[in-house]
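Working notes for the structure below.
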Amino acid sequence: MKKTLQKAWAVIRGNTQLKIGLVLLCLLLLTALLAPLLAPYEPFFLSDELVAAPSGVHPLGTDGLGRDVLSMLIFGTRTSLVVGITAAFIAGIIGTLLGGVAGYFGGRTDAVLGELINIFMMMPTFFLVLIVVALFGSGLFNVMVVMGLTSWVGNAKLMRAQAMSLRQRTFVRASEAIGESRLSILFRHVIPNGIFPIIANTTMGIASAILTESSLAFLGLGDPNIISWGQVIQSGKSYLTNGWWICLFGGLAIIYTVVTFYLIGDGLNRVLSPKLRDLGKEGS
Amino acid sequence: MVKYVGKRTMTGLLCIVMALCINFIIIHAAPGDPIRLLAGTDAATPEMIAALTEKYGLDQPVHIQFIRYAGNLLRGDMGTSIYTNEPVAKEIMDRLGPTILLALSASLTALLLGTMLGIFCARHVGSGLDMALGSVSYLFDSTPSFWLGLMLILVFASTLHILPTSGMVDLRGRYTGLAHALDVVRHLILPGMSLSLTLIPYYFRIARSSVIQVMNEDFITTLRATGMPEKDIFNKYVFRNAILPTVTIFGIQLAFLITGASIVEIVFAWPGLGSFMMTAISRRDYPLLMGIYLIMSICVAVMMIVVDVLYSVLDPRISHDAER
Amino acid sequence: MALLSLRDVSVTYHAGGKDVHAVNHVSLEVERGESLGIVGESGSGKTTLIMAVLRLLPPGRAAVTGQALLDGRDIFQMSPQDLAAVRWEDMAVVFQKAMNALSPVHRIGRFLSDIYLRHRPKATRAEAKEAVIGMLELVNLPPRVFQLYPHELSGGMMQRVSIAMSLLFHPKLLIMDEATTALDVVTQNQILEEIVQLEEKMGSTRIMITHDISVVAGACKNVAVLYAGSLLESGPAEEVLVEPLHPYTQGLVDSFPRFDGDGKKPLTSIGGSLPDLAALPAGCVFAPRCKRACDRCREVRPALRPFGGKRRAACHFAGGEENV
């Protein structure tokens, strides 16, 4: 275990993107975890100062209902992280399973699943998400599940390609020859060995899930009981000229978070590319 | 080649059918009764409700409704909007133009600018400009388009007053001909920019990495060994090889932009299909929703097929593999 | 005058703050009509040497010193125009992995014609096509290959296309870098035979770079042995390979299985691995792995000395006695 950690540390040190990304991520996680301690006010607290400019009392100003922008943004971190990670995670699981089964089992299973993947790739998923969320209610749960159910295609294609190449590897064939069940091989050998690029892709998926969630919140389709950055921007829309800080800082928070996950995902990809080349050699 | 096109078209058709089914199921399974919404403010009598329900066939079981709908579709009838009572097809067509205008202009701008910048950076890898552009691209990639739109409105429209804040045309001026076109262009700039700026990073990245990769290929070294000048090598061989991923991205991008432009349409009150979708959703206007989604699916499917075919024309390896 | 005369050629890379000496003071001569085989392990500098001679090393990353005289003219000092004229007309190269030597999205005929027209700008497309097809026939390829794409050919056919390409202008010097390594043994032999025949027909002199001694033994008149960037031995292949003067050459020959003899000779390999090119040992570069190495070997770098006729070797023990 220690050796793995040491290896991981060496990898991180060698990669600028990962370094910066992880630092930013730590700040985000701290903000989310310590939100009640960090935020100067309750996010829903309606003070008397409506649309107040940034000042010592309200560092980032207040919105149309007198809510402190800084506090809302701090608490909004939780929403973004939870939604982003969960949605991407769901998409990752679905994509890995479908792609792994399609790539490893091949034959007619692959023909059917492969076609399913192609079809889903062609679907205008954002509208589907809009429709579902709008019609079935915009609770956090719905949003996360629907986003996960519509963004698995990239992961599936990656895993499928991985499974197809791993299928030819000696250690997989050896397991088949021994008589291990195909399902067991899939879960014990194929998926663990092919999962790396999907991890990088899923990290990028977190970034895009956060963007999508903020879009939904902006359209008024987010969970009204929870603070979300998109919601902040939406509430600031009417005060664009005289209360520009509301929209501005809301957007900056989103950009910060998305950049963080892009950096990590990109860094992971760069780290994994030499590894991907090694996948061609036996026994790695 | 024909086989390949056929295969992709089949997938496209399947996709449209599947999208239709999913859509139908979801819309009709959702809570909220459009009839009540429609008749909401008026003190609707049960007879009125019954009459409306029958008119729109909402009292039938779901699968019957679907069959009727499919049948009508094949005859070219997309039904009537519950809210406005106009034929769905007309409502959609009225608004399809602005959406395509916005999506296409934003995509093309992003394609040209992004690819040019990407190629430039690939030829000057590691330079200060390369690093700078790369970082800027990263930032724009992470920016929500609707927020960018708001910021652009703030700066250019509200503060500087050089561009309009919303809409597609100036409602007070009554322009025709060239003046009208210019007016539209003027209104197109900000929403177009909001979309392009967030798209340019994709093209930039793809073009840059593709050119770098091709320039390191063996056949480029061979061409240099034959004494071919760098300029020719680049224009004829590097470009032709490196452009392939960009073409794929463009098609996919355009396809999804037609749906992704909806948020920007809402921010700028652009009279397109996207903003119309939101209205349809809030009104539970089923026929309209189905119609919009159908058109969107067809657009995306067609775009993807065109891109696939174009790609197989540009890359002779593809159709060869498909025909084996 | 020798066709190609390399005088004290050295190539140094600057990587990670260190100087990597890829090629060290190599001097050798290639006479007209006398093919040369350059033999060495991976990392021995043989490809670097030839890329330096062809001036194909990435500019700014490698420092090249010495002279490379092609018919008396120093390649390293040539102006870009002179170099472009010399390329392919006077010296051409066939690279390993022919699959990557051609652009995947261009037809073979198009690719070769473009090269032809580059050097014969006044020719028409039809004339170029004629010349190209003539070359294809010379390497036993049917004219229809002109229309094909690279991925439609087998490895052996691709290699033949590469050879045809290199012979377009009947170059005086033809360099083949591991040209047959990627092929199966049967095709390899076939192509080697054809190459030898072609050489006589075309009047070009061949330099073959390989790690495989059997290729040199079968197809080259002279051999030069390279190790860690230094030339250790050279001379007529018949003499060098039968009675090597340098322990390294002896090791290479010994590690090759033979069909003749009583079959009881054990196969040996040379223990150890290549030295770090950024920190070369003071004395003989092979000393760390040499069974016969003595203290003098480790301290004093042996010079390349002549040994009767055209043989040369860089070893203190060569010639049967230790030279003081």
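Letters A, B and C name the chains as they come in the text, with residue numbers starting at 1 for each one.
As a working rule, a residue touches a chain if its C-beta (ideal position, glycine included) is under 8 Å from a C-beta of that chain, and two chains touch if they have at least 3 such contacts.
Everything quoted here is computed from the prediction, not taken from an experiment.
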Topology of the chain contact graph, where touching chains are joined (line, ring, star, complete, other): line
Chain pair, most C-beta pairs within the contact cut-off: A-B
Cα-centroid distance, subunit A relative to subunit C, in whole angstrom: 52
Centre-to-centre distance between subunit B and subunit A (centres being mean Cα positions), rounded to whole Å: 23
CA centroid of subunit B to CA centroid of subunit C, Å: 55
Residue ranges of subunit B in contact with subunit A within the complex: 11-12, 14-15, 18-19, 22-23, 26-27, 30-32, 138-139, 141-144, 146-148, 150-151, 153-154, 158-159, 255-256, 258-260, 262-263, 266-267, 277-278, 281-282, 284, 289, 292-293, 296-297, 300-301, 304
Residues on subunit B engaged by subunit C in the complex (per definition of touch): 217-219, 221-229, 232, 236-237, 240-241, 244, 314-317, 320
Residue numbers on subunit A that touch subunit B, as the complex places them: 115, 118-119, 121-124, 126-128, 130-132, 134-137, 207, 211, 214-215, 218-219, 230, 233, 237, 240-241, 244, 247-248, 250-251, 254-255, 258-259, 262-263
Residue ranges of subunit C in contact with subunit B within the complex: 54, 56, 83-89, 92-93, 95, 97, 100-106, 114-115, 118-119, 149, 151-152
